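Note that subunit A is present in both complexes that follow, paired respectively with subunit B and with subunit C.
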Partner chain A sequence: MSSVKVKKKKGLLKKQLEAVVGAENVDDSASGRLVYSYDATPNYQAMPDFVVSPANAEEVAAVLKLCNETGTPVYSRGSGTNLCADTCPVNGGIVLLSKRMDQIIELDKENLTITVQPGVITKKISETVENEGLFYPPDPSSMKISTIGGNLSENSGGLRGLKYGVTRDYVMALQIALPNGELIRTGGKLTKDVAGYDLTRLFVGSEGTLGVITEATLKLIPKPESQKTILALYQDIEAAGRSVSAIIAHKMIPVTLEFLDQDTIRAVEDFAHIGLPTDVKAILLIVQDGPKEIVDRDIHQIAEICRSENAVDVQLAASEEEAEKLATARRSALSALARLKPTTILEDATVPRSEIATMVRAISEIAEKYDVRISTFGHAGDGNLHPTCLTDARDEDEMQRVEKAFAEIFEKAIELGGTLTGEHGVGMTKAPYLEWKLGAAGIEVMRGIKQAIDPNGIMNQGKVFAEETRERVAEAK
Partner chain B sequence: MMTTSDKKKIQQDFKEKMDYDELLNCMRCGFCLPSCPTYIETGHQEKYSPRGRIALMKGITDGVIEPDDDIAHSLDLCLGCRACEPVCPSGVQYGHLLEDARSILQKHKKESVPVKILRKGIFTELFPHQNRLETATSLLGFYQRSGLPKVARKIGFMNLFPESMATMEKVLPEVPKRKEIRQRPRFFEHEGEKKATVALFAGCLMDTMFFSTNNATIRLLQKAGCDVVIPENQLCCGALHGHNGELEQAKEMARKNIEAFEASDADYIITNAGGCGAFLIEYDHILADEPEWAERAKLFVSKLKDISAILVAFDFQKTHHLKLPAQTVTYQDSCHLRNVMHTFREPRVLLQSIEGVKYEEMEGADTCCGSAGDYNIVQPKMAMQILDHKMGKVEKTQANTIVTANPGCLLEMKAGIERVGKTGQVRAVHIADLLLEALE
Partner chain C sequence: MSSVKVKKKKGLLKKQLEAVVGAENVDDSASGRLVYSYDATPNYQAMPDFVVSPANAEEVAAVLKLCNETGTPVYSRGSGTNLCADTCPVNGGIVLLSKRMDQIIELDKENLTITVQPGVITKKISETVENEGLFYPPDPSSMKISTIGGNLSENSGGLRGLKYGVTRDYVMALQIALPNGELIRTGGKLTKDVAGYDLTRLFVGSEGTLGVITEATLKLIPKPESQKTILALYQDIEAAGRSVSAIIAHKMIPVTLEFLDQDTIRAVEDFAHIGLPTDVKAILLIVQDGPKEIVDRDIHQIAEICRSENAVDVQLAASEEEAEKLATARRSALSALARLKPTTILEDATVPRSEIATMVRAISEIAEKYDVRISTFGHAGDGNLHPTCLTDARDEDEMQRVEKAFAEIFEKAIELGGTLTGEHGVGMTKAPYLEWKLGAAGIEVMRGIKQAIDPNGIMNQGKVFAEETRERVAEAK
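On to the complex of A and B.
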């Protein structure tokens, strides 16, 4: 198409978008577009043509219909905190913001549910329900600013995944805008519901490639009456890994069982100044909640297991305030590591928890092999590690080695019965590796679903489905 | 409007002068967003967030976008409160990036002749000269004592100014006579056991418009066991210049101040204005590239302390009985005292140790009140929006007394009280004044 024609087409699209959401909610200024050209994933940036902020589900549906008819790519975006480039508008088109849809619609204390619009900040949901003695457990590290719409689309995890599961486990019903402009509702305030395919689960974690979630009803549980936090300190990384497996093997399911290596401990302490021991090689941050007697008993037993696995010290958080500080500090780990080097590339390879020690060892061997600096932290209790490479995107040679190292980490995780990504999503960063996990036939099933719902392929182009699959480093056993 | 050649020059300057490592240090996690007042107030517009502003600066530097008036507006709308810095796990020095970017934009700004003259008048001819400032404020004093304010208000003269300035005029403190300022001694002896010799950074506005607060500060320091020196030849800290893109002038003032305080050979340098303190504490940063000054600046910075911090360090609240008539007190942080000087515990410790005071922590006390240096003058609309939300939070504490630790915040709180019609029922005071009141 000639540039005149493109310009004319864009001008028309702008008018049509403005007719749906109002002129003040369509931004095509250079600065307005630039600030939505990225998310929290390093090295991905592309300019959208328009940034559109609809006010309600009907407007979202109308915008999608318009985009479907004109073949315009759509990228839905909350606060842009995701870590797999899922909100990067890689082929131009429209960034669809949820910022005007930020209302809590209903807190239903009889059915123990909360119904929200997608732009509500996750932390606001937690605080709102906890004020009523209820609990919404999923707590991704970015919860202070992430939106629930983003959490749903990415199926976010968090620090409490071990005991309470992830976002998916708390979604009862959704309203979804489809590319054809239809609005559908899935599920309900129902514990039992087998009417038809489980579309709720299909859309949760679909990374904005199928439709846009415009409303969600979430399951709540009673707030645990007490909680305790301990820190176990190690001079041997693998001993920490073995402790994790031992705790689980002893039929203990703590809420949180987090692993931090020395690099991470030092970076976090440098930021948070809460007195973390920076002279140890690894720590486990362990939280248990529930009735007081049970918490006391569990924590005592977990501490014993850690000691028997050569923890050099086990410390109990003196107060709830101190425990909260520890959790907050842990949530800052990734960004705190960023202070050490210009570029931090983070992955979230996940293995069965019995394999944690093996995986931790493999990561350090791979880092050594490719001569790259990898710090590891993560949700060890659910096998979800975050090996983070500290590098400099300007150093091309090193970046190639980083890529090779990560390919080998993925390979190893899958070999151990694990997966490429535990909670961050496939997006663009892991798309070339997805077939390693699903196989060609698995990818074909996904393509079929995508084709049925989004035949023109407007939803989040360039994500999840790779043009080319990366060659495997070695054949998996 | 920026011309094409302006844009090219700005872009070139961004490439040459912006600290690229610092721009890269932002890993775009978004942890800063909830702390940013303009992001919140604009209904979550990334353009008005720290992450967005850094992306814009990097976008210009990388050549992804051209500088334009929109971007300049995004940077202008930043309060410079720096609440994004303590919450940034990567430790991005946002304030430095902002100052550098503003300095480049200011250099290439085509201003009308009157604005140029006004800027030159304020930044070059007025603030670097304490005696001229004294003259200017004494004119204000003359105006206040003349009975003219009543007349001016009556005939509606102040209505000709923006509402924010009209409100401000009503709440300005009564300025002392010039003679009074000139006759103050330069040395005050400690009382009780001697703890240290301190030099007071008197500040340009603090030592004219807020002269009595400086005197209260001196009294408190004496009572805490300090010999107090007020070095001659000290100037305005330069914050106003630094924040407005006049970095070279700010550096010159920094050098002169360092020289003035070196002569005093004090153990500590004390400020009672968070805004000044936060700029003084960055002298080592702004002079880092000047071999002759870098070390001297470091020594200067290492001695700097806010009045609250030194009082608590010397256990003032334990060794003195502080008492006031029964009242509810709340504290509004000075953003710069909190986010840059990292002093926020001490003022609360002091206030809570006063007998008769019921201390109520205000929700969002750590977020900007909208004063932000001269922000309330150059961005009155956003400043008033922020102030109105702040006054709602004040109301919830049911405080009779709002305490602050910076002249800008103090005036803003007074303006807020005026706006909600609570003059006479609620008061705003500087912490030094309140502590002295509690002592006497």
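On to the complex of A and C.
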């Protein structure tokens, strides 16, 4: 198309969008578009044509219908905290913001549910329900700024996944705008509902490739009565891994069971100054919650287990404030590491928890092999590790080695019965590797679903489905 | 096709099936086919052409491929305990049995998982893991004879859904044979896995319309240390409903919170002779589990709440045996009611738990309006009720009134924010009503998925998707 025609087409689309959401909610300024040209993932950037902010589900549906008819790409976006380039508007088109849909619609104390719009900040949900003695367990590290819409699209995890599961496990009902402009509702305030396919969980974690979630009803549980935190210190990573397995084998499921390696401990301490011991090889941060007498009993037993697995020290957080400080420190691990080098690449290869020690060791060996710096921390109880590469995007040679190292890490995770991504999503960063996990036949099933629901392929182009699958490192050897 | 041609085609298919699974595993005898011409649902029967029993996933895949190529309908089936005619071979073709795939493949105590073939009896899984101090919570009433494959296809619920959720919540990984003859694997021994769409949960509850589950890895949790049971007796159904809400509002989630009306109590007592009080209007059977001190505390509080909500008596089960007797009695409610009249139609309209009392009252009024006998029992904590009609299929006039009554019950459930079916599935019985819950656009999404995965429509024909949607009672008035 000639540039004149393109300009005319864009002008028409702008008018049509303005007719739906109002002129003040369609931004095509260079600065406005620049802000939404990237997300929290390093090295991915592309300019959208318009940034559109609808006020309600009907406007979202109308925008999708318009985009569907005009073949305009749509990238729905909350706060853009994802780490797989899922909200990068890679082919131009529209970034669809949830910022004007940020209301808590209802807190239903009789049915223990909260109904929210997608733009509500996750932490606001937690705080709102905790004020009522209730609990929304999913707590992605970004919860202070992430939106629940983003959490739903990515099926976010967090630090409490071991005991309480992930976002998916707390979604009871959705309202969804489909690419064809229809609005559908799935589920209800119902523990049990088998009326038709589980569309709720199909859309949760579909990374904005099938439709836009415009409302969600989330399940709440009673707030645990008390909570205790311990730190177990190790001079031996294997011993930390064995402790994780031993705790579970003793039939205790802590709410949080986090692992930090020495690199991460040092970075976090340097950042947060909370007195973490920087001379140990690994730390387990362990939290249990529940009725006070049970928490006391469990924490005592867990401490015993850690000691018997060669923890050099086990420290009980003296107060709630100290426990909160430790949790905040752990949540800051990415920020802390990110200060050390110009570029930080955080992955989330995940393995069965019995394979944690093997995987941590493999990551070290792979980092050494490719001469790159990888620190590892993560949710050890889930087997959900965050190998984090500290590098510099300007160093092309190093970046190539980084990519090879991560490919090998993915391959190792899958070999151990794990997955490419535990909680960050596929997006662009892991799309070329997805077939390693799902096989060609699995990808075909996904493509069929995508084609059925979004036949014109307008939703989040360039994500999840790769044009080419990367060759396996092992095969390429 | 002429009958000669049909016979020839069937003869060829038989040979092809025998080549895959062995001649002894293809049954086309009249008696063999008759056995699998119906399931636990009254009034549905059709003869299959062949009953085929594959030995492993590869044979299942090969049978599906063959059926796909020849356009032969396939109905996969476990023990046939479903209550929505889901395993009735309505268009002839093949009943695919899981009886030869009945092995527990692995109990992984480190990762708290069990991996099973689809033909394993649910109760065997429970017993196996409980012997190791572990727990598989889903406990459909039919668990003594139902297969886990059937539970997965139907996303079965049970008596512990309130606290522990349903089958779906315990599935970590699947192997699935697709209609095209491919085998895929989804998930892993992973609490967190966001590599691609949630195919695991798409196939769970898809009622055999998309593929055949050939292996499943299920999540286990530590076995609760102790358990206590109480019976609360009421002369007022509303008071029982209010007790349910009040217990939850006090931030306690019992493992079981069952409701039985007087009709059901009398039938169960007549059947089981365990000394249930038959002079009360309603009973709540309440179970709490967990650490002993917490169970004692909760049960004490729950008893107080029931009394303050006008329970005429609250009785603590004196021993584990007595508690087990009560649970068994509740599980026998369907069998007990089924003895009273020639035909028993059990439904599972489900509402948010705050609407239990309203729904129970509505069911009574509807039964009276249509002059039919409906007893109600069910999982009050989930809002999952089982209105059960005692009738006689030979009485055509009455059967028409029964159908109208259930249509109105479904409509009322949806009006109250509920669903057609909490745990039984859509199958044939609820297919004509499904659009009432999902809307035309929701059904279209499901049809798209079905078409993408099973383009020749061989899997469980005549189920879930109705040829015609029933008119709404309210509109027809």
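Definition applied: the second predicted complex is superposed on the first by the 474 of 477 C-alpha atoms of A that agree within 3 Å, B and C clash if a C-alpha of one lies under 4 Å from a C-alpha of the other, contacts with A are read in each partner's own complex, and residues count from 1 in each chain.
Following the convention adopted for this analysis, a contact is a pair of C-beta atoms (placed from the backbone, for glycine too) under 8 Å apart; a residue touches a chain by one contact, two chains touch by 3 or more.
Nothing here was measured: the structure is a model prediction, and the numbers come from that model.
Asks: Between subunit B (first) and subunit C (second), which, if any, makes contact with A:Arg339: first, second, both or neither?
Replies: It touches subunit B, and subunit C stays clear.
Asks: Does subunit B (first) or subunit C (second) touch A:Ser142, or do both, or does neither?
Replies: first
Asks: Now for A:Leu162: first (subunit B), second (subunit C), both, or neither, which partner does it touch?
Replies: second
Asks: In the superposed arrangement, does A:Ser29 touch subunit B (first), subunit C (second), both or neither?
Replies: First partner only, subunit B.
Asks: Going by the contact rule set out at the top, does A:Asn151 touch subunit B (first), subunit C (second), both, or neither?
Replies: neither
Asks: If you count the residues of subunit A that each partner touches, which comes out higher, subunit B or subunit C?
Replies: Partner touching more subunit A residues in the overlay: C.
Asks: Which residues of subunit B touch subunit A in the complex?
Replies: Counting only subunit B, the residues touching subunit A are 21, 24-25, 27-31, 33-34, 43-47, 49, 51-52, 55-56, 59, 64-66, 68, 70-71, 74, 88-91.
Asks: Residues of subunit A touching subunit B in their complex?
Replies: Its residues touching subunit B are 29-32, 34-40, 42, 45, 47, 79-81, 99-100, 102, 119, 121, 142, 144-146, 268, 270-271, 332-336, 338-339, 342-344, 393.
Asks: Over in the complex, which subunit C residues touch subunit A? Could you list them?
Replies: 108-112, 133-134, 154-155, 157, 161-162, 165-166, 168-169, 178, 180, 182-186, 188-199, 201-202, 204-206, 221-223, 245, 248-249, 251-253, 291, 293-294, 297, 350-354, 379, 381-384, 417-426, 430, 434, 437-439, 441-446, 448-449, 451-453, 464
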